[in-house]
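First chain written, first letter: the chains are A, B and C, and each begins at residue 1.
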Amino acid sequence: MSCIQTIADYGLRSIGIGERLLPRSDFTMCQQFTLIGSGMIWNIYFGVLALLAGFFLATGLALAKNVESRLIRKPAEWFIFVFRGSPLFIQFFLAYEALALLPRAGFPVLGITIETNWMTRAWAGALFVLFLNTSAYAAEIFYGALRSVPKGDLEAADAYGLSGWKKFRRVTWPTMLRLAWPSYTNEAIFLFHATTLVFFSGFPAFRQEGDALYYAKYFADKTFNPFIPYPIAAFFFVLLTLSVIALFGVINRRLNRHLPQEQRRRIRFRPQILR
Amino acid sequence: MKKLILTAAILGLSAGVAAAETVRMGTEGAYPPYNYIDDNGQVAGFERELGDKLCEMEKLDCTWVTNDWDSIIPNLLSGNYDTIMAGMSITEEREKSIDFTQAYYPPAASSYMAMDPGVDLKGGVVAAQTGTIQAAHVAETGATLAEYATLDDTIAAVKNGEADAVFADKDALKPFAGTDGMQFVGEDVQLGKGIGIGLRKSDTALKDKFNDGISKLKADGSLNEMLKKYFGDDALTFN
Amino acid sequence: MFSTCTDPSSLHGLSWMLCYLTTGKHMMFYGSFGVVLILLAVTAPAALIFGFGGALAARSHIAPLKLFGRGYISMVRGVPDIVFFLFVPIAMDQGLEYLRNRVKCPDWNQPVWAGNEFHVCAAAKLPLNTAPQIYHEIYGFALAVVAFSIVYGAFAANVLYGAMQAVPRAQLETAEAYGMTRAQVNRRVLIPQMWAYAIPGLSNLWMILIKATPLLFLLGIEDIVYWARELGATKSQIYAYPHGDWRLYYFLALLIFYLVMTKLSELVLDRINRRLAFGQATAAGEALRKAGA
């Protein structure tokens, strides 16, 4: 079987398109590259959606943590503490167990039954956990940035007569983002790395559709040789990481475009956040 | 990777047999009644008793270690233990990578278990343990295969409705029959050629010893007795 | 453990629970918390040493050394740690046994990697097949510690490298003006001054390390996750203490353990941070100065 044929058969295998049975013997490098690459679709899916949704929740949590009122501040603090203070691995497990406890028949709402079955599927359940998790980490980063917004900037906004939403939208928020961006880039990188845990603990793979690590493990188990599939998975992740850095770098330049050249901060990698 | 690590008792051989060969017996420890960890943290079950008996007969000094099912063959191959006694069926696919002794458990039936007797076994979602012959079988039928790390996970998946049925070794499923409305459904399926002791292909001397021991136990009927003790009076036996 | 526990089937309620929670298996579960703490206690300094080496290598003027240091640091950036954990220990195990095979059995003429088998002479096995089980456990644990140290050492190298770059140039130039050599500047100024900048990053790393410990089970160590899964799993009538699927409760206990560890660490690290910031030309140091004034 030629490699092109393999790619046609297995390129989208992880989302259920193509050949139904996985290769069972005589594994070729091409098959390993194709299937592990196919699994990356899930890593990207989880990472991108969790980041996009998490961005908004994180902003809200950071603001909530920054207010005087205990009633608003405490829940935000607890949320951030629980999700940052426990291993993602355990969060996955607990979430899976909790979601599995939902009534199987679904909730009757206004005569319509809302199905709950899909909640225990990785595409929904794991995404939900990753979304909450990244929100907590990003919220802490945003909160730190919010606290370091220069006083002068805020006073200048007051002097211009800006207040409330306008002040936030035009002064506080952009500055917060600019300060938080290097750390947030790292959070994004680690979130993508964390997506490898999804099928590794808690969430089962259906129809042998899994992420890159799921297929890498499949090949390692079948060929008894870990030295080929795992480096292939590593290779794909290096590519993914470089793309994330490039994309976030573009945004970083845009956020800092008003600053003098030498003040623009380049994104430096600091592992401040990891689960 | 030195997998695992269960403090396991070393067979009480008499001090006179100082030159006894040391054999590390690998098992999963999560597949009652074949093998499980008892409340004292020791490996127990049918395979423990049989293995200890064989070691005693063949004058081997045996230590039990447990290893995740997932990586049980790779760790045998890399030499972290010398045998696999973990309810592992002899299949052609496995015989490509490791050797088996003759079967110490007759070709057993695999069964479907579900909460709803009318479940669609060919088109529904069927749970199976990753890397088992049952999982491979489900992947070939029209059903949607849902893979879980342990047998317990597969049962839980049926109970919470994620999967319509579970497909596993019939004896391993038996203890769950009747709990929360779980019942056997559909036809039993014969998979594999019975359960044997897995060994590295290069370990021919050890294979001969175990084969010899199993033959003796079969001949004097004590293997059948042991099967009845663990799997009930209607257990499959050798004749 | 208690004499009343000899016949579990006759027990009910609280006394059943008491006996259940003190079985040999549960004792192993409690002991595995110690394993996690030992891992943390050994890995943290080891990773720091790896990190120190990596950071110094990355700052080196010798090109290959610099390349090695940079490569080591960027390794963690690109690849998820689980991928490393899945194959670093196997690679180390086989590498060590291969070397021992060369030394101990020079006339070993079979191929070491034959087909899918890894095959060395009996004397080269690590630990020896005849060794008691405890040595196998210790060896497995040691491999896990080395794997953790390599991966988190790269994180530490990154933090320390950043901290070394953050020490104000002026301080180093002053030292040079005093006629110190490069090594002297490193030893007397750069490294002592670096800590104030490194501690926030290292604190984070400690938190990361705590949360990475459940991955121990990937390396085949019987850690708290292994026992929580094993104990929580449904127990049929062949067990002395049959029960349903209790994994949820065991995992909740683990969650609480990790939250407590995190909280305690936060308290201790805050104190260290405060002490080290004292007298430094940083925002935190300035805040302390103002508060004191």
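Everything that follows uses one rule, which is that contacts are C-beta pairs under 8 Å (C-beta built on N, C-alpha and C of every residue); 3 or more make two chains touch, one makes a residue touch a chain.
Source: prediction; values computed, not measured.
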item	value
Chains touching both chain B and chain C, listed by label	A
Selected interface, A-B versus A-C, where C-beta contact pairs are more numerous	A-C
Farthest chain (mean CA position) relative to chain B	A
Chain B and chain C: spacing of chain centres that average the CA atoms, whole Å	34
Length of the line joining the C-alpha centres of chain A and chain C, rounded to whole Å	24
Distance between chain centroids, defined by C-alpha means - chain A, chain B (Å)	39
Residues of chain B whose C-beta touches two or more other chains	71, 77, 97, 156
Per-residue overlap in chain C, given as positions that touch at least 2 other chains	90, 116, 247
Set of chain A residues in contact with two or more other chains	217, 220, 224, 226
For the chain B and chain C complex, residues of the former touching the latter	1-8, 10, 22, 24, 29-30, 32-33, 36-42, 61, 63, 65, 67-68, 71, 75, 77-80, 82, 97, 150, 152, 155-156, 175-176, 200-202
Sites on chain C touched by chain A in the complex	74, 76-83, 86-87, 90-91, 116, 155, 158-159, 162, 201, 204-205, 207-208, 211-215, 225, 247-248, 251-252, 254-255, 258-259, 262-263
Residue numbers on chain A that touch chain B, as the complex places them	20-22, 24-25, 100-101, 104, 117, 120, 204-208, 217, 220-221, 224, 226
Chain A to chain C touching residues, read off their complex	81-82, 84-90, 93-94, 97-98, 189, 193-194, 196-197, 200, 213, 216-217, 220, 223-227, 230-231, 233-234, 237-238, 241-242, 268-275
In the complex, chain B residues that touch chain A	70-71, 73-74, 77, 93, 96-97, 125, 127, 131, 136, 139-140, 144-148, 153, 156-157, 160-162
